[in-house]
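Per-chain numbering from 1; labels A, B, C and D assigned in written order.
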Amino acid sequence: MSLTVIKSRIGREIIRDRVAITSNYAAAYAAKDAEVDVVAAYPITPQTPAVEKMAEFIANGELSAEYIPVESEHSALSALIGASAAGARVFTATSSQGLLYMFELLYIASGLRLPIVMGLATRAVSAPISIHGDYQDFAATRDSGWVIMIASSAQEVYDSIIMAYRIAEDNRVLLPVMVSYDGFLMSHTTEPVELYDADTIRGFAPKRLNRPILDSSKPITMGAMAVPEWYYEIKYQLIEAMHNSMGVIREVHDAFNRTFSRNYRLVEGYMLDDADYAVIAYGGIWGNVKRAVNEARKRGIKAGALRLRLFRPFPTDELIEMISDMKTVAVIDRAVSPGAAIEGPVAMEVATALHSRGLSTPVVSVVHGLGQRTVYSRDVAKLIKIINDSQPWDLTKSTMYMGVREYGNEG
Amino acid sequence: MNNNESLKNTRLLGWRELHPIGSYVVEPMSTIKNTTGSWRTERPVIDQDACIRCRTCWMYCPEPAILELKKPYATKAGKRYDLTYEIDYDHCKGCGICAHECPVKAIKMVPEGGEE
Amino acid sequence: MAMKVKLAKSFFDITREEYLAPGHTACPACGALLTARLVLKAAGPDVIVVNPTGCLEVTTTIYPYTAWGVPYIHVAFENAGAVASGIEAAIKSLNKNGSLKRNTKVLVIAGDGGTYDIGLQALSGMLERGHGVLYVLYDNEAYMNTGIQRSGGTPKFARTTTMPAGTVIRGKIEKKKDIMSIVMAHHIPYAATANVAFPIDLVNKVRKALSYLNEGPAFIHVLAPCPPGWGFSDEKMIEIARLATETGYFPLYEWDRDRLIINPPSDMYMDKRLRKSLREFVKAQSRWSHVTDEEIKGLEKDIDDFLNYLWRLSMGSGVPTPYA
Amino acid sequence: MESETYEIIFFGRGGQGAVTAAQITALAAVSKGLYALAYPEFGPERRGAPVRSYLVVSTEPVEAREPIEEPNMSIVFGPDLLRVNPEIIRRTRDYIIINARRYETVEPYLRIFKGGIIYINAYDLSTKYLDKAIVNTAMLGALLRVFDILTVEDVAYAASKFFGSKLGKLNAELIRIAYNESRVIK
């Protein structure tokens, strides 16, 4: 992409401004541009600058919304459940312990079918306490009934949150949406972001209130108690909404790409066409993985890469289409499920997805970057070399832990 | 708590038949369909001639199962009232607060199952 | 200034309209349900109710029915204050942004577990941030929904399943938490105690509290006896509740913009000679059946001390006058 | 157009504004239509501890997020940082921009460096113009002597936007002056 392309896009008046901001700020700008009505947030590293920026927008009158400086993350999500139930468009962001403190409410938010949108600056989970980035908090949200997106750049954080409102508020979905991005590696990295014209955003994701809300002119009861004769059917409706969301997410992606001249897909491939191996990753290390693929190609190894933009619903069809011909796939997780059959949480999903389609492609589970241990592109290049040099089924027997010291002073 | 009375009278709908957001109860005050009157072992009976229409029983009923009706009544002694208090036996659980609190003892608790 | 409130003087000043339907599955003679019924009558239809987990919730919202005639939401046990904060903020924001034109009041109706214990943080946050929400605590003095376990609101020596009256430990060892003082320490515009046995006082306090919500939060602590939990027969629910106030065990008072006022009839019971004997209240309930006369004296001493504390607060904060 | 990418590390101490300097430069680059990625060496903020901040400026989108190991330029906020980070001299490919009260104090360390050196007394300049020795914007002025993908006015404008009206004006002016006051040693 060259300078001239950017200029021409601004010329089309979709782009309001091109700024250099962090992913935290991109999240805040997106929520502001989506004209949220209520924000409730509690500070936690590395999310803090996102909610500080929201507070600043509201304090300066750039956004007409109520900011609730709650006394905990638990109350942040609780307050948003109340606000969303009362018909407001809402936003919050969190990380790590904060997300875990919200945990009960994650399930309630989806169970009550409230279109809440939340940013997640992903971070390691205590103990030992670490303020640094990994995806352990994210992995824990797997079964919560939220639509979960993963961004790889600040632009994508901004774009995904705008898409998230349209997805969440779609009548066929009505589920909360989480947009995650790497703590520090993205949350604190300044990079270019194109902000869009407010009318275009409004046109793309108009506030919809065609759902039942707490309204004294039409009283309804939310959060009723379901006995065994009813719980399953109600829960199944949520499952069905999650199924339906896949189609809606595709539609919203297509519409977004058309409106804003982007090219987002649920699963993005890199040099996969003739590849023997695919490295699957997500979040902020995508650029490092692509760099490693370039290195491998220089050495004659036919490697490719793939990243997931969506964790829930899991984009099985898109994924299978891209990796069904691979000899081996490796999944780099920055989270772990200790003791699982496959200890990388996304690796487990990928293996399950393949198996569900009758494929037996070997899936190498790789864990790296816990507590923000740097995932260098050379580490990924080394991984590709290992895969190239090994019998794949030797590598699938157990999860590979890259970057962990067994003894000190290993060079 | 498994409320058998309500289940007996309700068709168990499938997930496609429920309200699109099935967990919301969109019909307010619908527990009225649930006849908790069957819980009673004793029923309150109001002596309309003794009743002084003070509203005490109505006030303290937690169900509420005491109906305040705009129904004129003339007592045997010739006193006329615009209001009549009646028991909603479909819902009264027979706790007896009304009888106990009645300042003129116009409500009696009568065992259920006996002759009316 | 709060707007002028129309106060009830007799039972007939209370609306006939019901906002809570019968057919709910609360035990007979439930103080919590009566509290909710009376609070809703006082508040009228333009409200949204937040109700944390508890007896009131499980008995009024068994799917596919609801007893509620007003918008109602139950989210979880510990967060009613936060949920209400969000609803209040949403109403404010939607009014400001022009998508709503209604001054709907937000009402929490919560039990003692959800207020004294697990919900205290969310309540404190709501009070501190000054959300215009009326929080009504129906206090039945234990976790009744799960079968009578001790809460911070359980009184001393009362027997619960988690603090049984054994040969060594005599029921609950600790005193009841003074939730009103905790609430008052947030210096909100209005806080009051009320009792289901005094419906006019209760209804008036709700109306008054609602009139303060444009200034900030209000709180009403309602004593709501539980026949199975406290151990007395159903028909005595109101009698027991009344005794609680007549013995000085549960005084009626209000905190009105930093002034403490002891309300009738509790103002009269500041004179110890006019109080009914605490023994009458205690011995009417099986939760205290193991309590000795000596222990009742101890409980009486606690009441004397607390009423003294209230008296000093009321004298220190201005001349006590009945509200009007 | 030929693709150009510059990798820069700012070496400073907590509180000296190394992170801000990288952000301002990124902002200048992005305003100009270029691509940039500015990221601090992440951790709890500690005043006085050595910190480094990374900046990549390119005519192409920058995607990789990993520490820069062989920067084109190293911007060193004080002589002590040369001692703390001996790898600066070994790894820097093109230029070292060094702040010192007197060049003589750093000359022995830099003698072996094969690339170019820009020297500036940013302590005195920033004290004079900002009333305190926060050297980051003065260092940017010196950087611009050799970083010709951006002009002094690009960065001065970004600084004024970043800091807001009053402080912005002072810092923009300081960048212009520092540009002129800095010396190309070799």
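Basically, contacts are C-beta pairs under 8 Å (C-beta built on N, C-alpha and C of every residue); 3 or more make two chains touch, one makes a residue touch a chain.
Chain labels with UniProt names: A, C = 2-oxoacid oxidoreductase (ferredoxin); B = Pyruvate ferredoxin/flavodoxin oxidoreductase subunit delta; D = pyruvate synthase.
Not measured: the values here are computed from a predicted model.
When every chain is represented by the mean of its C-alpha atoms, the one lying closest to the mean of all protein C-alpha atoms is A. No other pair of chains has as many C-beta pairs in contact as A-C. One inter-chain figure worth recording: subunit A and subunit D are separated by 34 Å, centre to centre, where each centre is the mean of the chain's CA atoms. Subunit C and subunit D have CA centres that are 63 Å apart. The distance from the centre of subunit A to the centre of subunit C, with each centre set as the mean of the Cα atoms, comes to 44 Å. Subunit B and subunit C have CA centres that are 25 Å apart.
Each of the following residues of subunit B touches two or more other chains: 1, 3, 13, 23, 25, 28. Within subunit A, residues 112, 219-224, 226-227, 230, 234 each touch two or more of the remaining chains. Counting partner chains per residue, subunit C shows two or more touched chains at residues 58, 61-64, 66, 68-70. Residue ranges on subunit C touching subunit A, taken from their complex, read 45-48, 50, 57-58, 61-64, 66, 68-76, 78-79, 81-87, 89-94, 96-97, 99-100, 102, 104, 121-122, 124-125, 128-129. Those residues of subunit A lying in contact with subunit D across their complex are 1-3, 6-7, 18-20, 45-46, 131-133, 153, 182, 184-186, 188-192, 284-288, 290-291, 372, 374-377. By the touch rule above, subunit C contacts subunit B in their complex via residues 11-12, 14, 16, 18-31, 33-34, 37, 58-70, 196, 199, 227, 233-239. Across the interface of their complex, subunit C is touched by residues 37-38, 40, 64-66, 68-72, 74-76, 78-88, 90, 104-105, 108, 112, 207, 209, 214-217, 219-227, 230, 234 of subunit A.
Interface residues of subunit A, counted against subunit B in their complex, comprise 111-113, 171, 174, 211-212, 219-224, 226-230, 233-234, 236-237, 240.
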